[in-house]
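Notes to accompany the following structure.
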Amino acid sequence: MTPQTADLAKAVRAFVEQEILPLEATFLKHGFKAVLPGLQNVRQKVMAQGWWLPPLHAPEGMGLSLSAFARLSEELGRSPLGHYAFNTQAPDIGNMEVLQRHGTPEQKERFLKPLAAGEIRSSFGMTEPEYPGSNPVWMNTTAVLEGDEWVINGHKWYTTGFEGSAFCIVMCVTDPEHPNPYARASQIIVPTDTPGLEQVRKISVMGEPGEDWMSHSEIRLHQVRVPRENLLGQRGRGFAIAQERLGPGRIHHCMRWIGIAQRCFEMMCQYAAKRELSPGKPLGSRQAIQHLIADAKAEIHAARLMVLDAAEKVEQQGAEGARVEISVIKYFVAGVLQRVLDRAIQVHGGLGMSDDLPLSFFYRHERAARIYDGADEVHKTVVARAALKEYGLEVSL
Amino acid sequence: MTPQTADLAKAVRAFVEQEILPLEATFLKHGFKAVLPGLQNVRQKVMAQGWWLPPLHAPEGMGLSLSAFARLSEELGRSPLGHYAFNTQAPDIGNMEVLQRHGTPEQKERFLKPLAAGEIRSSFGMTEPEYPGSNPVWMNTTAVLEGDEWVINGHKWYTTGFEGSAFCIVMCVTDPEHPNPYARASQIIVPTDTPGLEQVRKISVMGEPGEDWMSHSEIRLHQVRVPRENLLGQRGRGFAIAQERLGPGRIHHCMRWIGIAQRCFEMMCQYAAKRELSPGKPLGSRQAIQHLIADAKAEIHAARLMVLDAAEKVEQQGAEGARVEISVIKYFVAGVLQRVLDRAIQVHGGLGMSDDLPLSFFYRHERAARIYDGADEVHKTVVARAALKEYGLEVSL
Amino acid sequence: MTPQTADLAKAVRAFVEQEILPLEATFLKHGFKAVLPGLQNVRQKVMAQGWWLPPLHAPEGMGLSLSAFARLSEELGRSPLGHYAFNTQAPDIGNMEVLQRHGTPEQKERFLKPLAAGEIRSSFGMTEPEYPGSNPVWMNTTAVLEGDEWVINGHKWYTTGFEGSAFCIVMCVTDPEHPNPYARASQIIVPTDTPGLEQVRKISVMGEPGEDWMSHSEIRLHQVRVPRENLLGQRGRGFAIAQERLGPGRIHHCMRWIGIAQRCFEMMCQYAAKRELSPGKPLGSRQAIQHLIADAKAEIHAARLMVLDAAEKVEQQGAEGARVEISVIKYFVAGVLQRVLDRAIQVHGGLGMSDDLPLSFFYRHERAARIYDGADEVHKTVVARAALKEYGLEVSL
Amino acid sequence: MTPQTADLAKAVRAFVEQEILPLEATFLKHGFKAVLPGLQNVRQKVMAQGWWLPPLHAPEGMGLSLSAFARLSEELGRSPLGHYAFNTQAPDIGNMEVLQRHGTPEQKERFLKPLAAGEIRSSFGMTEPEYPGSNPVWMNTTAVLEGDEWVINGHKWYTTGFEGSAFCIVMCVTDPEHPNPYARASQIIVPTDTPGLEQVRKISVMGEPGEDWMSHSEIRLHQVRVPRENLLGQRGRGFAIAQERLGPGRIHHCMRWIGIAQRCFEMMCQYAAKRELSPGKPLGSRQAIQHLIADAKAEIHAARLMVLDAAEKVEQQGAEGARVEISVIKYFVAGVLQRVLDRAIQVHGGLGMSDDLPLSFFYRHERAARIYDGADEVHKTVVARAALKEYGLEVSL
């Protein structure tokens, strides 16, 4: 890590402490919209600092390297609101990266520009309720070219951030007969006001319907028509583009999770140091509590080093070259996060269950870390497959 | 288990399937009050079957033995609504047991009778926010006898079911100078309309403020005056009475948790058998999924046998004689529950995160199982202390 | 458990304490043969007590039920020498059961009688080095009937107790073309002095070559000829007979493991109560140690109840009816044993690593518990398969 | 890691494969002395390569940095014989480092020179059977200055490598009245032929009495007299010198453990790729096996990065500045090692239990990794103490 990155991370850490954490109590009690005005204000300060969109290339963003942003993402991840303040929330940041790389000049002007400016939001529609996320080539949403229009029909869910988004990037089967199943799909930009695109519902997740970018929708597409020019990147390259996005995206998630874990670690230490079990005998004097702390310390340290290592490997060899490292951190760090969160709640007792602290929010919403972007089971098989291949065994996924 | 108990459990299982599970979807989407009319209807059917208040002695209840009710409680626990339908929800059932055993005839007439009839609800105020739940003798709520009235001042939280309750049984320090710290407190019945008793707020827990008996309140008592006759049991016996209640209460919890775990187990098996990863290849054909199922099967079986064993020991030797067994099941079964829930969610993937299924509800609310009624750490120390005592070592808690 | 069984278990426990544990130090230092004279003496006392061969039917044994012997086996399992003293060591006890059930009068006279009298020992040859133990139908040892003789050729290893045994029961393929792969093998009694039967070596296991019944051999059979009458049970029933033996055999193992775990538990409590970390501060005052004790207590209790439950189910429904329960205890109890042993060693520190105590012996030799008689992975799949079948999914092993 | 270090590690890896692994079969079957002639030969080749004593400064050694040697130590750790071949086996390497830093010119001439040349061996006597290793200041061996001689009395065990050693560095209380308990002891060099120094026995550990440097002795010192000049370093600095040695020593251990874990990982992958469960179906096609591999991969990767990170911190800030990092890796890596070993054995089944492979050797002897040089429990408390201190809580060890 360069001294510049270290300084930046330190400054951002202080900024998060001063500007973002104070909004959390209201957020936890009244939801995202209650803090939106405050967050807009914070966003102005972020822009004023020159920190806007750290991982995106110029002209829209700061252009930090993956490993530099990984470090920053940890700091932003300490709060559920951190990434939004820097306009790096999912799925917008991923959509921006894809548009920057694959968008036509017209697509950039119309979709990327306002998105990067924070004026609109976007969503990404990939998963379908009838098909397993672990099998990306098995889907049912189709897009057929009729004249100069794509006619799209399908059913998606867990379409993150659909509510309030201006457009949705939809993964569609466009070439169902292509011999290579990984070349059958394309990504198409669908403005959300297009007739035939219907939000069936917001999916209530872990007790919350969610709001805005923090929500997941079930949507239907019925004879949805968009211009031919809304194809994003090349036809048949839908999976390839998704893959490009998911590799670094997993590193972003992992570093964000480390931020959460680190925050929880600090909270559990602080509470253990202060809370008394009996007069003069703090919780932290109990060895069982000490060992929860020690295990968390070790695991977070391991996770951080592994994520930085994977980020460096991606920088040197590309996401494909670091595929094993990315899969390893996906399940390892998600596991660390879950265990650290669990310990932090246990140390806080009843208070840890309550929404007075962000622990419960993290506990509920980050259970999904072991599921989204490839479940643990999928990534473990990827890693084992690579290991066994070195000894001559080819295993199918 | 007698054949009668087995038959009863089977009948109750069918009843839960037919009458209670159909209410769950509405409950999960719209909350408890949305299903209250339906539940009132179910309660009539329960009464008609002669199944009302199974663990309570006559004349109010069926008078099942602890081990017979343990078996039943598993069936009721399969749904978040099961116990309410039989009027055995916490903390009402515990309050009824205490009133039946320690209440004066007047207390029984005024408080127990309508409670047992399901006409009113009650609450129990023990935990205080400033003091650790693990140290029961350290509390700050006091009751001073002035003339014929108890004057109560204090601050409680996690007062379960306070909202909508007709009265609250409040643990108060009445004899602060008693040399035995365990003889300093008493339980006093406080009608909730008594001046000075204020609900500060419902505590939002794991994302939900809760409703009715499914809520936890923070309350303040400021110069609250109740008649001398509202003392429940003997003065200075507050802890002893609480202990009496907590022993069997923990067994009830454990068996309810097994019901939850069993339900989740069935759901994960069913989903694994049906959901296809690719055409013709169900999830259950994957060995990683199979082993999650096998581990759950073994752990639930272990937990069930241990709870029945503890219930039998309580019947034979009293709660005090079975103290070690009760502590053992408290942490063992809570751990099994958490792991089984986690596996069930993992098997269901994104669907498991959603509120379309009860998994998320259980996952969120039962994280507390390892905390309430004595955290894991407390019970483990109780068990170790008893083991070490046999070798001559006296360890303080 | 009947009072008689409880009394017997108590008496046997005292006997083990007084007669067998004192031999352990010599055994651990100098091996089995160094204590053989002492053990012969103990065997006389066992016979005098009427405790000889508890699980075997009359006339050879006491005829205890499976669940009564399960309880006794725990007591014997507390020492590595316990089962030998009662003539119930593997594989002899299994061989006796098979001979009692399937042996001809001549086989009983020649092989069972001296074995039951403790005059000879026996061995069982099933596993082959080139084939996985998890696939019983894939083996290479063949027996061909030539005239009145079986001519056997093959290669076995992990032939337990071969050294010093008078005969070996060998699993051989006799009907390689039978359409049902489970009907291709037979068990044949081979006296160990038969020409062509060669002990290649004793397999050194976990640092020890082993001695006598406590050893495992690699053997080769080259044109070994035994009389036709040496067929044990019916031709083609080799697997069926093995299966009959393995079910109760696994229960015996599990209960023995519980005896080991219980012994280790007692040792760790005793050491924690006595050993001081600093003057006046015993090891057991440390919460981390207490929680190791509490976890061990809970797991041993779970394991014991599950084994007794499985034994009762076998008595009621036969080994086939209790197949799932037997598989469950096989991996659950083996796991408990490994964890308890690990904790006991950790509590004892350097002393736990040494051969001054039996912990190291158990730690080394019982690692195999998760492997022999079906590895964890195999039994978990058996259990999951049964669970998924209830939801309509047929999974192959 | 510099390219030079990478090249060196690669060369050493090849050397270990070609020169050392071929000696293992004989070592596992017949013990250390059986391979000693072969190892002497290998040592000549090591010297010829210029690789002798990599971590020791000139003139005796190569003078590799800690992090460079850490990398090398992984390669040497892949075999139980690797470190001996490079003369970096414990406790000799630690003794050499201490002598190099604190020895007088005479001590260096007499003790360091032949030790560094591989002509003699040495031992280190610290732990006492009556006192816990976790409390270094509680010991009973004393040295009293009478005229020009130290007169030593005491009792030690786990004196590693005592058998066959030319001298033993003994930790003795020399200043029992010093107010600072950490300033009461000194290290004194005792030639093993000094009258009064008696080897009571070699301690049999995990089934093996051990040989030579691979053994642990119990020794007694009765009126043992050595010249005043045999004091190593300053009087009263015994603990300080030991601490200096233990910090980097723990890093050496950790990297050696990673070498073992990596070797086991490779073995399990290779076996899983080759061994068939049924014709054409290798073990590695089973998902349960794949996930054991994936978990091992992730954990070893985590461990390696953490050890390198700790080594760099020691280089930058000294062992005291990296105390938390060293404690973290001590328990984290020891835990990884134990789990990887366990998985490797499970994958190998019966073969993994046998001494045909080095798995069993590692499994038995490295169980001590969680005990020696500070048990897990001690290091976890060190880490938690440092974390809690940042929040104002001072916890005693």
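So that you can tell them apart, the chains are marked A, B, C and D in the order they are listed, and the count of residues begins at 1 in each.
Methods note: a contact is a pair of C-beta atoms (placed from the backbone, for glycine too) under 8 Å apart; a residue touches a chain by one contact, two chains touch by 3 or more.
Bear in mind that the values here come from a model prediction, so they are computed numbers and not experimental data.
The minimum number of touch steps separating chain B from chain C is 1. Set side by side, the interfaces B-D and A-D show unequal numbers of C-beta pairs in contact, with more at A-D.
Judged by shared residue numbers over all numbers used at their interface, chain A and chain B contact each other through mostly the same positions, with over half in common.
Relative to the C-alpha centre of chain B, the farthest chain centre belongs to D.
Rounded to whole angstrom units, the spacing between the C-alpha centres of chain B and chain D is 52. Remark: chain A and chain B have CA centroids separated by 37 Å (rounded to whole angstrom).
Between chain A and chain D the centroid-to-centroid distance comes to 43 Å (mean Cα coordinates, whole Å). Residue positions 286-289, 291, 377, 380 of chain C each touch two or more of the other chains.
Residues 28-29, 127, 129, 132-135, 138, 157-158, 203-208, 275-279, 283, 286, 288-289, 342, 345-346, 349-356, 360-361, 363-364, 367-368, 370-372, 375-377, 380 of chain C are the ones that touch chain D when the two sit in their complex. For chain D in complex with chain B, the residues that touch the partner chain are 286-288, 291. Listed in rising order, the residues of chain B touching chain C in the complex are 265, 269-270, 272-274, 282, 284-285, 287, 289-291, 293-295, 297-299, 301-303, 305-306, 309, 324-325, 328, 331-332, 377, 379-381, 383-385, 387-388, 390-393, 395.
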